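Please find the structures below.
Both complexes shown next keep subunit A, but they swap its partner, so subunit B is in the first and subunit C is in the second.
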Partner chain A sequence: MNTDTKRPNWPVTLLLILGALTILFPLYLAVVTALKTPQELAASLFALPTSFRWENFTEAIRLTNFFTAFRTSALVTVTTVVLTLITNSLVAYAIARNQHKRFFRYLYYYFISALFIPFPIIMLPVVKQTSAWGMDNPYGLIFLYVVYGLAFNIFVYVGYIKSIPREVEEAALIDGATTWQTFWKIIFPLLAPMNATVGILTCLWAWNDFLLPLVIISDPEFATLPLVQYIFQGQFSTNYNLAFASYLMTLAPMVVVYLLAQRWIISGVTQGAVKG
Partner chain B sequence: MKHQTRARVTLLSLALSLLASSASAATEIEVFVGNKGVETWKRLFADFEKQNPDIKVTLTVPPDFVAVLKTRIVKNKAPDIVAMGGDTNFKGFADGGVFRDYASDPILGSVKPIYIRQLQAIVGGKEVYGIPFTANTIGLIYNVDKLRALGLQPPKTYAQFIAALKKAKAAGQTPVTLTLKDAWVTLPFMNAIAVNTVPANFAAQKNAGKATFQQAYSGVADKMLEISSYSQKDPLGTSYADGTAAFARGGSVFYIQGDWALPDVLAANPKVRVAMVPFPATNGKNTVVSSVDLLLATSRNTRHPAEVQKLLQFLLSKQNANTYLRAVNAPSVQVGTVPTDPRLAAMKASYAGGSIAGAPFNLFPPGLSAETFWQAMLQDRNKNKALSGLDKTWVDVLKRSY
Partner chain C sequence: MSAITEDRRPSTVIASPPKRRRRSDHTYLFMALPAVILFFVFHTYPAIQGIIYSFTNFRGYGDYDFVGLRNYLQVFQDERALAAYRFTFLFAILSTVLVNFIALTIAIGLNSNIRFRNFLRGIYFLPNILSVLIVGFIFNYLFANFMPRIGEALGVAALSRNILGDPQLAWVGIIFVAVWQAAAFNIILYLAGLQTIPYDLYESADIDGAGPWQKFRNITFPMIAPFFTINMVLAMKGFLQVFDQIVALTGGGPGTSTESVSYLIYRGGFDGGQFAYQSANAVLFFIVLVVISVAQTRFLQRREIEA
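Moving on to the complex of A and B:
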């Protein structure tokens, strides 16, 4: 410690302020736009509204059928995250502990190779197939998310599982644990930091995704939140006031998820940082 | 273990609750519409269901109309009725054999023949794959008070238009707002001029290799360049939404747009007095661009043709069609009508005298993206590059689609 560190580092602070502004400014615009009338918006983009127009929110809720879409989005996201965490980690465990066998090694590269396939290329066959199998609904969507997540999730899970010493498992084996028990009681809890990472990424992806629900879901009753946002865009013009009110309501749950999960990520990182 | 089971049961019941959609005995017809006038569609369909309790109309407003319609066709779940624009997307679906042909159906009897011919020209054949429902119109929008303050009459000829632009500029005003950040804006601009200066058979001639943009559209490009030199400072940085709001606040004297911009202008400033005149593209008599804004097409494979026909007849009845027209503020396509919007009063004569024509752009092949060439031309002011680019891309696009 020397006294120099007490002085604020002005260049860095300034950069941080600029960085924060690039995020806060659009957020400010989103909030004030959501609370204005179209006339106020046309008069000035940046000014504060003269009176808060909460009707924008109620109107947006009515137009988008918000709660129906919210229920579908929540069902899809929660189920996807839970299933992804359970199944993808299992697959990764099987692969990571059997990489000396050719079959599992190939399986690993087979899954990873999916990372390099852009979605639009497989879009049409997937649409056709899901429809033929009666999966053009939220359940088909959940299934697809869990499967599409495999490529990336296996990549990160396998790398992490390899860093867990085998001796831990051997000790469990000697104590009479089966492979199943070893995974659930030993490995899965040790995967906590990875589970947090995969869970958060999957959650954001499933909640925000537009393209997959757009092409998969046939019944408008099952539209997810990103799909219903489009109601505000006319052929040429957008009702920005209602749109931003609706966007704010749509992104709020993800902000809450982030605030809650942030603790986990940080604790996960620090857990690995100090050797105990 | 116990709470795991409970969690599983909760998940399952959540899943089942979603599956439990109502199964009623009524015949269900699905209608795809765009984002315009959705509330009015709802009201009309509710009326229809009241009159026909055995038919249920499901209204779908897809987030991305063309993409969703394509996926539905792939899934063999095409909607029974589609309300869409008479544009190149329509041509794509019609070419693909998705829609029913109405050429010999008396239901077309109430529609002005010019709009029917437009749909035939777009697809290229005798078949009529949609029933025109509403029209749009392109013209020169002006700020009534600002024009009067300059001591000018709405221009009737190109020479008068340029003189008015000059006078506005000399008076220290912005003569015309252009919103070139959105490339599509160049299309109404181009259409309004081309309909008067380019032969109507240009697209057919071009397909046959007997015409070129460099020759036929040279005059159009010159006029676009001349008019654009009177725009506000940063036309390429102005989007349609920003430009419309700026014009509504009195930012300029003129605005080049279709009638669809009027509701947006008034939303930004309900007090502004604006009106539209036929676009003064030449020094002679000017034809007005009026295209099919919305048409009703039906799926060729619909399982309920009788019910679909019933709904079409309901929607096309004078009273119901007018309900929709009034709601979206669009000109009618029906025989013997002229625009009723007082702001379009100056356009009435063109409609009554039949000097209206479809947008030339609608006959361009899908995938040409003419708007990007015009946008680039108005940026770098390189006319030859744009026109030769259009010539070359047109040929490439044709090769791609055959």
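Moving on to the complex of A and C:
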């Protein structure tokens, strides 16, 4: 920053720290609530617990069948991200390199226009369709995430691929590489920054999404973590300590990922959104 | 594989691009077609089906007949649907304005010469990675238990009951949570925009004796106009489709006072046997969304050029 030579602006810093408290305070309350007994909670909402009630977590794990849901969510998220990166970038490559042809240009507009279609319009028919075809399970969910991601991801990838000079691939083609080889060996590695963006956004979407699992997944055995919290909230709405322990365990994996990769996540999300 | 490569090499080197073109054309087609077919089957086809159902009296099961435009005409006379549209618009407009105001203010703060810049940025982006549903549950608890205690302690009657239980006030709680979460994303976008502004513009403004407000009005705001457009359109589009916050905070209640259009389509379509009727509502909702997005983009882009 050009301003680094000047003295830091303390009033603004203080205001921003105060503002940050409105973000941290609810999370602080969530953590202390998850670690208290109901009696402690009744006595004081914000005080730190006198002794950490880790049993809340074990009890929540037992009641929500946490590990089953965690496995489902992890399976759905990881598989969705991997398949999305591999397939969506490939489709975008085919479209980006053929935009001089009418067919591919129309394909591009076809995918982009889907960005305007709100989910409710396809929600009712797609639920009938997936249940009729035996896709009302995590695999159907993964499938839909990968396919529905195309609309936005093609938009982001195509813009980026067009900025990669064609000479790079032509050299490979002259050396006898097939179009597939060119994509995997040359283009895909060059897409790294966009892959990061798409990967992060897809990961957040698949992990946090609630509506699609709510309507697609029919067997509670296959519920993802947000869906489990929803069912749990309905059944145990009075025991806040257990509920909060359960919420925290659902939020924790993304928070850990965020703490580890904060810089990339912020810049990745920015790149994707500014394109969009 | 290598045999084929050997064969091709001479012809490629001597330059016969048409032949090579055609071969890779098929490859490109093969790369794109499966995705197109799947996208059609799982996205476009359901959308077409939804439109077809909207002209029938289908309840989600059993037989059905075509009823023409009856569903559409009914939506316009359905007090519950109209209330959902009113609520959704009120919510989306207020949230969009608030989110953009707050996000721009915080982004300017984060872009100025402050201490702990990276740490603060990290904190302000945190809400964006959290599940909307669970954030909603946490705030639901705060509104139900924490706020009333604070209200009682301060002796403020208006605060000493759960605002989510009040049909007149529940929307305030929903906007609060939606803005709390959505601001994170807009802050980061505005920050990206602010960093594209060359610093010498401010220096020359300083020399001309411009005050902070003049600098904001004549430099900052015009320079980030494209980001303002993106943020306004994305925020509006997102808020119009509000769903998770409603589920987590009020379930559409008390009564139907906080029912959003998405939530109404979900509830009526799956639980209420109104499959066809809510399909018509969804088609109308789609038209509304497109009209608003296009109008908003046009209007804001025209402003960009003037500014």
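Before moving on, here are some points about what is shown:
The rule is simple: the second predicted complex is superposed on the first by the 241 of 276 C-alpha atoms of A that agree within 3 Å, B and C clash if a C-alpha of one lies under 4 Å from a C-alpha of the other, contacts with A are read in each partner's own complex, and residues count from 1 in each chain.
Just so we're on the same page, a residue touches a chain if its C-beta (ideal position, glycine included) is under 8 Å from a C-beta of that chain, and two chains touch if they have at least 3 such contacts.
All of these numbers come straight from a predicted model, not from anything done at the bench.
Overlaying the two complexes via subunit A brings subunit B and subunit C into a clash. When the shared chain is aligned, subunit B comes close enough to touch A:79, but subunit C does not. By the document's definition of touching, neither partner reaches A:201: not subunit B, not subunit C.
By the document's definition of touching, of the two partners only subunit C reaches A:258; subunit B does not.
Of the two partner chains placed by superposition, only subunit B is touched by A:43; subunit C is not.
By the touch criterion stated above, A:219 is placed in contact with subunit B alone, subunit C being left untouched. Of the two partner chains placed by the overlay, only subunit B lies in contact with A:238; subunit C stays clear of it. In the superposition on chain A, contact of A:131 is made with subunit B only, not with subunit C. More subunit A residues lie in contact with C than with the other chain of the pair subunit B and subunit C.
Once the two complexes are overlaid on the shared chain, A:230 sits against subunit B and subunit C alike. Of the two partner chains placed by the overlay, only subunit C lies in contact with A:13; subunit B stays clear of it.
With the contact threshold set out at the top, residues 124, 127-128, 210, 215, 229-230, 233, 240 of subunit A are in contact with subunit B in one structure and with subunit C in the other. Subunit A meets subunit B in the complex at residues 38-39, 41-43, 71-72, 75, 79, 82, 124, 127-128, 131, 136-139, 210, 214-215, 218-223, 227-238, 240.
Residues of subunit C that touch subunit A in their complex: 5, 8-9, 12-13, 20, 24-25, 27-29, 31-32, 35-36, 38-39, 42-47, 49-51, 53, 60, 106, 109-110, 112-116, 120-135, 137-139, 141-142, 145-146, 149, 180, 185, 188-189, 191-192, 199, 227, 230, 234, 240-241, 243-244, 247-248, 261-262, 265-266, 269-270, 275, 278-279, 282-283, 285-286, 289-290, 293.
The touching residues of subunit B, counted against subunit A in their complex, run 11, 14-15, 18, 21, 34-36, 38, 60-64, 67-68, 71-72, 74-77, 85, 184, 240-241, 244-245, 248-249, 260-261, 264, 267-270.
Taken together, the subunit A residues at the contact with subunit C in this complex read 1-4, 6-10, 12-13, 15-17, 19-20, 22-24, 26-27, 29-30, 33, 45, 87-88, 90-91, 93-95, 97-98, 104, 107, 110-111, 114, 116-129, 143-144, 147-148, 150-151, 173-174, 176, 178-180, 183, 204, 207-208, 210-211, 215, 226, 229-230, 233, 240, 243-244, 247, 250-251, 254-255, 257-258, 262, 265-266, 269-270, 273-274, 276.
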